[in-house]
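In the two assemblies presented below, subunit A is common to both, partnered first by subunit B and then by subunit C.
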Partner chain A sequence: MSQTLPTAPVVVADSNVHVPLLAIRDLEVSFTTATGLVSAVRGVDLTVYPGQTVAIVGESGSGKSTTAHAIIDLLPGTGKVTAGSIMFDGTEITTATEKEIIALRGRAIGLVPQDPMSNLNPVWKIGYQVKEALKANGIAKGSAANARVTELLEEAGLPDAARRAKQYPHEFSGGMRQRALIAIALAARPKLLIADEPTSALDVTVQRQILDHLQHLTEELGTAVLFITHDLGLAAERAEHLVVMYRGKVVESGPAAQILSAPRHPYTQRLVASAPSLASRRIQSAKALGVTATELLAPTGGDGVSETRPDIVVVDNLTKVFHLRGGRPGAAKTFKAVDDVSFTIKRGTTMALVGESGSGKSTVANIMLNLIDPTEGKINFEGTDLSTLNKKQLFAFRRRVQPIFQDPYGSLDPMYSIYRTIEEPLRTHRVGDRKSRLQKVRDLLDMVSLPQSTMRRFPNELSGGQRQRVAIARALALEPDVIVCDEAVSALDVLVQAQILTLLNDLQAELGLTYLFITHDLAVVRQVADQVCVMKTGKIVESATTDEVFDNPREEYTRELLAAIPGAKLTF
Partner chain B sequence: MPELTRPHQSHFFADLDSTPLGLVDLVDESAAPASLWVEAWHSLRRRPLFWISATLIALVTLVALFPSLFTSLDPGFCELKYSLDPPTAGHPFGFDRQGCDIYSRTIYGARASVTVGVLTTLVVVLIGSVFGAFAGFYGGWFDSLLSRVTDIFFAIPLVLAAIVVMQMYDDVSVMTVTVVLGVFGWPQIARITRGAVMSVKNADFITAAKALGSSRLATLARHVMPNSAAPIIVTATVSLGIFIVAEATLSYLGIGLPTSIVSWGADISKAQASLRSQPSVLFYPAGALALTVLSFIMMGDVVRDALDPKARKR
Partner chain C sequence: MAWYIGRRVLQMIPVFLGATLLIYAMVFLLPGDPVAALGGDRGLNPAVAEQIRAEFNLDKPFFVQYLLYLKGILTLDFGTTFSGRAVIDVMGEAFPVTIQLAVMALIFEGVLGIGFGLIAGLRKGGVFDATLLLVSLFVIAMPTFVIGFVMQYVVGVKLQWLPPTVGGDVSFQTLLMPAIVLGAVSFAYVLRLTRTSVAENLSADFVRTATAKGLTRSRVVNVHVLRNSLIPVITFLGADLGGLMAGAIVTEGIFNIPGVGNTLYKAIQQGQAPTVVSLVTVLVIVYIFANLFVDLLYAALDPRIRYA
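Let's turn to the complex of A and B:
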């Protein structure tokens, strides 16, 4: 990623680096709701000096994005600044007129939005959209602008930029779109770039490339960056100064290294302790160790897998081919989603299937759940070939393998109370009578540490983590042997994620469950898995014990994935 | 790039009192449990428009069921000597050309309209949601067939089709009008249901139901349909008003209900002749029709707002 930057209007940060570029003091942002004024951000202080990278870290709902949007006066809906001041380069933004703010946007403050899929207009060519940024800020016009567009796209790391500028967003991958958005944000050479979770929708390896490039670019241009993320490891790796937000307040701020090594506020301590990207050990079940201590992270003893355990699942040369509709009738294309995949899972252990989007890992999960049939190959479940099951046997098999899905908002029927949701599998399989089922639901809720009163509630009243607990309770209702977790913790906040992982692990120790853990996040794998299979474009490229994969990766691709874990390079 | 020396930024941390640390992911046990329907009701009852339309609908229904509560006069009893007389005591709306009491005719006219509207909506929802649900859930040839059939129906305007078919019947009753409107009205609900079912059927909770062994039909009935109900209810409420208009149109053209049944449409048609001399003759049946239709359409509107999941927190 080395290239020379064009010598076009580069605004180098003023020599005076002692005057803050952005100074937020006692900022308060409130939203008008049906129940009155609700403050989303309370008393936030934040300083960004010219050329500095500052990261705001927090979980969803902590007010980090709201703070960022207040800076460019793009608060959504009924939100407005109710107190405090935002001083940007000598201009008070809270009292500035709309005209002044429009002059600042783009030209002085650039924004890289979160979702690259929805932030480009699908009906305009990429080049036109970059040119729009140039024209709106009065940088260039006509053919000069066209030449500049190519330069900007090239600079954002887009290969073959002149041709790419003539393409539409749907012809771009997620990473390429994010590069185009970076080109737009930096088109007018702003002094401050606000990057709102710029890479959370992308695969880890792409994320790393883009962040590396962005860092290199802003350093060269002397642009200050306000980086917003939920990932403490990522923030610590990319920013020199961290601001940790919790429930609309800044709970801790300071130099990144200092916060990581000596967090002072209990919330930050909690965050540092459970950030998956910073953990380096498998969670050991407190119950399995016979201790009740809060210390749940302990080094794995040996390979963590007993050799004497029997194989419960044997996957043999699994292949799945999908037929895609072609451009004209009859012109069907085939797509090999899973290509000759074999692995075995031992009873009571966790097998992680790791890969980036499109690697075929979810297809394997669906074949495992017997929701789709493999094209070739077979899965043996305790010696029975799944493809030979008749309808009745299949019904019985359903009791033994249960799924937990990624999206806690989509996996529970919004019309069903929690009681009905957890009771449904029991009713479907005619287990017990009404009274015994009620007792079973109570026990299951206890098992996943939810209060029993939850069962009268509906999914829309619960948070993501709580819904995921309900989904786990539903999966456990039929006392299955194997649970397929398809990205089961990816959508959750870090602390909640750590809780759910601990819960899954305790349940494994208590009930002897076997997990097939599908994930894109290697950091999570380290915490839960005994065995790892790394998948790439439908094939398994590496398969070994977790410790071996992490300490001694054999394949280049695995090494690349490991290096892309945010915070992997941090030592403290 | 030269090394920049920025001013020292100290390590700040808030004291614990100002930001108490909550337990991670604590369940709020204080609030009352609320299903989507309960939440929809909570948002509905805050809307004045809901109460206005609900009152109007209740009033119209009451009038349709028990017209004798509102007037003691027989709508069929007319005396030519009162022809086009202005309102007098006991006859608040005056008389039409035939000397009939407009007030009692307006009251009795509600029954035909509301009956046709409600029955047609029932027929349409029954046929449309069953066909739409199967097409959306199972897909395949049935879906293709249904889509083409509904396309054909959409090409024919509801009232035009009804006019053509109604011509064939000499002996028309409320049932005939209902059946004819129902036969041409179901494709819309079928389309709506199909769309709603298709958007629900790929949700994770449907996959979860399959994975725990629910049969396809049970999944459709227990999970897919309850989650597709909202758009069907909204469309049904709005189309109830539209069917009332269709009935009035047919009666106005003289091919709807026979003159023996009092109907707003027929009265509007008759009132045309006296429009210049006595506009109020037209005003009352037309006003009653407009108010009834408006109340159903307003109801559909507020119900849509209440049931729209995007309008509420997830």
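Let's turn to the complex of A and C:
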């Protein structure tokens, strides 16, 4: 970043520093539903000074995004501010006219939204969408605007910006789209930037690059940032001041370091204790000090016992090639999703397959589950080559390997009751009679700590964590040897994530299960895995025990992934 | 792109062959002897009947008849009707009328359907929206011939605002009412489709981002909501164009319009295979081209669509 950035319209002058840029007082927001008013935000106070970075931390449904959207009057659906005040730079937002709000949006308050995939209009070119922000706020017009668009995209860290501006969103990767969205948000040099989980949909290494860049830009421009995240480690690393929200209320706020070291509210204490990014950091620093960490750790981790365990799965030189159809005859291409992958998993241990999106880890999982056939190579399951199985043997084999998928909303049939969902595999494999199956479902629900009454309910009546418990119960129904967890906790809130990981660890100790744990998140790996394979573009680049990978990563790529776990700069 | 169009045109060959064979077979299998029917109650002189059969190849086996017919088409000879007119002339008279009618109906349902649908979508849940939903449901539930006869009687005969029938006088004015009747049901569908699509896009993330940029409401709607919402509507309209042309049979009957529908109806009744097959084949080709056009238009509206 050699070019000089144009200064923000407001220079952080000494006299301004102690006047809040944004002051929210006793804010209440409610949504009208069929059953009446539901309050989402209940009496929130929040202050942001010019140039300051404040983070709101909370899980889904805590009201953090609703608070942020209230600031620019973009509450979804029936949402309404019912009480309190939002004072921004001398304007009372709750009573401002539509015209005043439009003048503030973009010009004084920028928004970097959460999901880069859905936040750019797919039918307009990137450059056009950036230019709109310039024109709407009277910054530049015509060819001057075009030149400015290129500058802004470059500034946001998009290489080859002039050419890229002429492309459509679908030609951009997620990280590039998020850079374009940052360019849009900063186009009119706002005084306040609201960053609503700006990177949670991106790969970890990209996440880090983009946050670094955003931090650098806002510091240089003197922009105040309201950063919204569910990850306490990330918040503490990026913001000076933290605001912890729980069920629509601010439960604790203060300087980041203070909240991490001495959380006062019980909820914050639980967050500090279970956020995977923080937990994995703590395990590392505890090990460095020679202290045994009290954290959740894989039951067989580094105990030496695993050396003597028999191999249950041996993957040999696995390769999977996909054929992509070309635009015209002869233009068809092939794509190697998995390239010569070999590893073994010992019975009763957890193997983590780590990689970013597109690394081929899910393809390996699908081959393991025998959902797709490998192009080359084979999988030996306790000495049996899976490719030699006939239809009947394959059916029997499926009992022994069961999946748990990422999205508990998508992997349960909404029309099936929980009982039917868990009972289905038993019925398919003709296990027991009606009565014994009912008993089995009861036992399984007990095992995953769900009440018996759950049986009669439907997926839409359960929370994300409960649904994932149901998915685990269903996977356990056939008493498998191996469970393939494909990003099984990535869609869950941190506290729920910690609970599910504990459950998986307990079940492993109790039932001697073997896990193939597919994830992009090394922080989770630290807590559950015995062995780690790091995948990149279809190949395994590093394979070792979890301790080794964390203590002495050999590959540059592994080091990058490790550095991307939030909280590297925090001390414990 | 060129490859894509080329492939689509090549795909028309099997569709063309299949459609003509199927239609030819169906007409061939129609009960009754068309030649005998020509003579009415008195019956034809057997020698004359033989001569007509020979002239129209009706004495040959089915496949030979079909191949002879195909051979004719390739030299643009669509055969003649029993009364001796060239089928191509008959088509030349009927098609312009039907095309004019279909295009007028398409414009009516497109402009009004999208316009009202947009307003209803923007004011979802309001009085305007509720009224339009009720009206559109009513129109969809009502058979076309009922709408046709009622409009013909009220607007044409009682109020005398528009001519009640067309007859030989084909003009914008005489075709206006038939076009509205023909497009009525599709108008209701377009309206509902646009409304749903607009309402859905209004809550899309990119629309919120556009608003957060500081754009005015009208710009957000025109630039970010409308174009995206039109994608499914255009698909429907394109597929409907073919349907409008073929489906005009009822409407053309009610208003006595000398178009394809009327001609086709008479030809089927008389078992005139060359006329029926030729008309239907052209309709099939029109349908295929309309679909190709829609696919191209689709890509113009949505850059994510690539011809692969």
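To be clear about the criterion, the second predicted complex is superposed on the first by the 531 of 572 C-alpha atoms of A that agree within 3 Å, B and C clash if a C-alpha of one lies under 4 Å from a C-alpha of the other, contacts with A are read in each partner's own complex, and residues count from 1 in each chain.
To be clear about the criterion, contacts are C-beta pairs under 8 Å (C-beta built on N, C-alpha and C of every residue); 3 or more make two chains touch, one makes a residue touch a chain.
Predicted model, so just to flag it, every value in this text is computed and none were measured.
In the superposition on chain A, contact is made by A:Leu371 with subunit B only, not with subunit C. Contact comparison for subunit A: of subunit B and subunit C, B touches the greater number of residues.
In the superposition on chain A, contact is made by A:His429 with subunit B only, not with subunit C. In the superposition on chain A, A:Ile72 makes contact with subunit C only, while subunit B stays out of contact range.
Legend: residue contacts after superposition of the two complexes on their common chain; A:Pro310 is shown touching neither subunit B nor subunit C. In the superposition on chain A, contact is made by A:Leu111 with subunit C only, not with subunit B. In the superposition on chain A, A:Gly36 contacts neither subunit B nor subunit C. With both structures placed on the common chain, the touch criterion links A:Gly410 to subunit B but leaves subunit C unconnected. Once the two complexes are laid over each other on the shared chain, residue contacts for A:Gln258 go to subunit B alone; subunit C is not touched.
For subunit A in complex with subunit C, the residues that touch the partner chain are 72, 74, 76-77, 98, 102-107, 110-111, 113, 115, 118-124, 129, 132-133, 136-137, 168, 170, 181, 184-185, 187-188, 325-329.
Residue ranges on subunit A touching subunit B, taken from their complex, read 17-18, 34, 45, 47, 49-52, 219-220, 222, 241, 246-247, 249-255, 258-259, 264-268, 270, 369, 371, 394-395, 398-399, 401-403, 405-407, 409-417, 424-425, 428-429, 450-451, 453-454, 456-458, 460-463, 465-466, 471, 474, 478, 495-496, 499.
Residue ranges on subunit B touching subunit A, taken from their complex, read 1, 4-7, 9-14, 16, 18-19, 21-22, 24-25, 27-29, 31, 33-36, 39, 46, 203-205, 207-214, 218, 223, 226-227, 309, 312-314. Listed in rising order, the residues of subunit C touching subunit A in the complex are 3-4, 203-217, 219, 223-224, 227-228, 301-304, 306-308.
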